[in-house]
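Multiple structures are listed underneath, in structure tokens.
Two complexes come next, and they have one chain in common, chain A, joined by chain B in the first and chain C in the second.
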Partner chain A sequence: MKRIRITSCGNQLLAQPTSRRPSCLRSPAALQNSCTPHNHRIQSRLQTTAATSDNPFDSLEASATQRSQSSNTSSKPARYPNKQPLVTLPSPHPSAAQHSAKLAALRSRLSLPQRFPLQTLARTLIHPSADPNPAFNNGSLSILGGNLLGYYTTEYLLANYPRLPMAVVFAAQSAYTGPKALATIASEWGIEAAAEPGGEVDPGLLQFKRLRSGDDLPASLRNQRRYKWNVTTTNKVLESDEFGSATQSPSSQQLSTQQVPLEEAAQSFVRALIGSLHLHLGRPLVKRFFRDHFLSRHLDLSTLFDFRTPTRDLSRLCAREGFEAPVARLISETGRLSRHPVFVVGVYSGKDKLGEGAGSSLDEARVRAAAAALKGWYLYRPTEVTVPSSMEGETDQSKWKPNMVDCGEVIV
Partner chain B sequence: MSTCKPLFRTLPRQCQRINNLPLTQTRHESTTRRHKKLLHLPESPSYTSTTSEPTLIFNPPSASPNVYHTPSKFLPKDDSRKKLYAAAVKYSTQFAHRTSTPTTSTPGTPLQTTAFLPPKPSSNLPPPIRTPYEKKYHLTDADIAEIRSLRAQDPVYWTRVRLAEKFKCSQFFVGMVAKNHEKSERVAEEHQRARERWGTRRRMAKEDRGRRKELWGQDA
Partner chain C sequence: MPVSAINTVAKARNGVGAFILQCKKLDFHYCDWAGSSRGMNAFIKSSLPAFAARNPQIEISVSPRPNKHPVIVGHYINGRQKAICVRNMTNHEVKEKALLLRDASGDKLKKVTKPVTSLNESVRGIWSPFHGSKINI
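For the complex of A and B:
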């Protein structure tokens, strides 16, 4: 004998939901039109934080039926749902998250507290390309998380290295939280991708529509600048994202039902995870998470520089700061007449040594010494730093120490 | 001694004790001792602490200076590291004026030399690679007009080098003031024609050289 599914029957008898606060993405009227009022999945899902433990797994089939009906006939509610499998759902049902071993393992692997619901963790794994419905995919969360990541990284870089040139800031930013870095972090966390998204797939897998090998990238992910355009740093600051990249980061609506590469889906997961952590657990824990998983990655900033005319830059810098003009002096040398000579040259301003470089010709050593001196200037790090986000919500303002703001890089 | 065993084995029993001489071997410095024992040098005392208490031994290998150590001239005025740098300079000055120099290892060992003292503050800086010069700004408008007219009259004779020697200014300044586009294009074409005659090896060598030169400004 088959049990009667009380929950699904009861939901059909429910009244129309009262009008909530209008959502940003859609007007309430549009929401009501597109989602049937008795849709079980949406009813339970709109309260994102509520862990619906009373939702038994066996009611999945029925609710899946209803959701597929509602998506097929969006205008009128389905009265007689016929039995359809979970396959018709674009992404796994939220209540399946409770039973996923992969999600629980991921939560404990990331040392997240038990109060962080698995349903939200499952939602962060659904890319808009798998499920275009903004109530179920991670589009909104990844916007929030991306902004948080950009904020924390930028303030760390600017407070700790106040003299960094803009190009190096861009490079460091993308090295810490750029798309490639986030995709690497996701793979280090052990995120596996589903071959194809669907309602029957384990919710612990990354759900996105894969780009087939040999296909072109979607237009929103492609480089929108012409190849030969000379893009200035000012233009990058004003028009581009925090990485100074050539492409505008596409919105989740643009990517819905498009085929995307794994990197795009993985980075959206990491961003969405940060966003949902911020919503559920609050700022201090997100900052700790950021410090442990992002800032702990080693990045040697001194390798990001690329000086084309270091000697000119250095003499410009000395003139700007009021130091004596730099003079290259030969500290030591060996094998001048041999095949492999080595010269050690120091750049001095007055009696102070600014930098030192070694090379196989006098010119090379001189240029390297000037580059080292410039790096010494740009990589200055104050001893005491108070990042602005550490003072959020503090009533005691005496701990705040103003950070150094430099007048900018040398422009020749 | 293990080295004696084969000798015992090879000796016949009769002649084992012919005389009362002891069966000890003698080795000279020309063999084992020269190779093994003499070269076994005692440890350098600068690396081993004499006291039982934990001490700090700072003896880094020679390497290029760290770019993260900001030179004191580049520090802002209110930085606390300025004081530390000043104290270090003071200490090294005191150290430089000492008369007795410490040795790097115990006297009598082959490694014993006197340690290098820091340079005295009165000592000269290392020699400059190029002779430093002051910018003079001595050319008047009339001079500049003359440079231009000379360059326009005969650009083949009045090259940048000759004009710079005549007016005691830099070649760069001559090029800035009186640039002859025709001649520069002609010279560039000549150079291009010469470059086209290069073979594979020479071209590759030149290209590699350019690539290496780009690295100068990247990894210091």
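For the complex of A and C:
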């Protein structure tokens, strides 16, 4: 479905390997004339909080570094170098992340390696509603992570279940990485939310501006499209996101300084964590993290189907595939004249039994048998699959085995 | 619409894939004066750094609670708390209680009667009277 060029997205976030990284702290006087609201936080440059080379901060920083080297050589390293009250900051200072017990515990709980910096983990916890500055909130990381999650889930589903109907693919996507699923995952990771965001708050807490109970959702989170009876699956594939949902996911600009519910902030954290893992640790580790935390969850795909007319679908399917027309036959029965009869009916195509179902009436059993036969077709799983992302960066093409592509679900 | 879908959320299976320790925070409360805290104070001085280093997933906080018995409180991912009073216990006994809180899931204690609990359906299937060989009486 949706693909993005991950390299181009990642380059914006990674710091340039610059040799003039500030080694000594800037004097507060040098910062007074700059009017950016977050200038006091730029100087502790982290990999993901760094600005790109075309950023005006770079030139400012270089000049400030020279000035402070000449004038203020005896500046002492302090925890918060610029003595601005923390309460004035919209979100915790990046340097506070090193001292947060909650963040260190969270990193170990998720089994992330020590080389994943706590500052980045702290940044993934800052929702745009708490801090509108894109250099300090998780908006960009969240976009990257959301696309990665969609990509890995889609390729897993399409490679392993090539015959799934599109509606079921959408439902399975949202069951693994949908908004509700991500919010659940965040709560299962033990993420706690701060009551109110601010510079003095522990950076290990989820920072977002909380929606007061009884208030309406912000307009960007509400359903923007009007109901239409003729929204087809093709329309959803082309125009909607990977979950086929009616609402468009809001951009971080739209959500800045707006009150949002906890679920929205929690899911943006999970997405941003995936994005930052991709940037810091690379693709193999993100894929392992995705397998361990997302694909390992239990989802029985056969429970997602909701057939309206399974007998008709089955006869159309048999006609399309060139099988003999399906015939329902009674296999066994008990208590036909009693209060609770049971019939076991099989659906046969020629001599092959396609499916079997039990019900308390002949019709119910026949419908169940047809549904079982359809599920048997749609849930076909090839024994060997190679997902496309496993071949990224590989030079040896011989490992690639083409995946099965089915002609699609039955159209009645 | 020949087939539509039912929206659900995939269920977590802790330990399949990733394992997440359910204890997220341990509070150690001690008293400098009272004799019932002697074991707790010894534990905090001697064993707690090693305990904290061995369990980095847990946030540990130590705080005084004057003129009260010493307590260990565990905070869990499901939102519940468990508190154990460790008065008059020795260093070793306090450590065992801390380990007990670390390994707890945070749920209420309940009797486990089935040997296996699983979300997967049974491999053998449910026995059906309509299948298999008929018995002639």
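Throughout what follows, the second predicted complex is superposed on the first by the 331 of 412 C-alpha atoms of A that agree within 3 Å, B and C clash if a C-alpha of one lies under 4 Å from a C-alpha of the other, contacts with A are read in each partner's own complex, and residues count from 1 in each chain.
Keep this in mind: a contact is a pair of C-beta atoms (placed from the backbone, for glycine too) under 8 Å apart; a residue touches a chain by one contact, two chains touch by 3 or more.
Model, not experiment: these values are computed from the prediction.
Of the two partner chains placed around the shared chain by superposition, chain B and chain C are both touched by A:I331.
After overlaying the two complexes on the shared chain, residue contacts for A:L295 are found with chain C alone; chain B is out of touch. Contacts of A:S111 after superposition: chain C is touched, whereas chain B is not reached.
By the touch criterion defined above, A:E188 lies against chain C but remains apart from chain B after alignment on the C-alpha atoms of chain A. In the overlay built on the shared chain, the residue A:A358 is in contact with chain B and with chain C. Once the two complexes are overlaid on the shared chain, A:F307 sits against chain B and chain C alike. Once the two complexes are overlaid on the shared chain, A:V345 sits against chain B while remaining clear of chain C. Contacts of chain A with chain B, set against its contacts with chain C after fitting on chain A, overlap at residues 303, 305-309, 331, 358.
The residues of chain A lying in touch with chain B in their complex are 302-303, 305-310, 323, 325, 327-331, 345-346, 348-349, 351-359, 362, 364, 366-369, 371-373, 375-377, 379-383, 404.
Chain contact summary for the complex, chain A toward chain C: residues 101-102, 104-105, 108-111, 165, 167-168, 170-172, 174-176, 178, 180-181, 184-185, 187-190, 204, 291-300, 303-309, 312-313, 331-332, 334, 342, 344, 358, 374, 409-412. On the side of chain B, the complex with chain A involves touching residues 64-65, 67-76, 79-81, 125-130, 132, 213, 216-220. If you check the complex, the residues on chain C that touch chain A are 1-14, 16-18, 20-21, 24-25, 56-61, 77, 119-121, 128-131.
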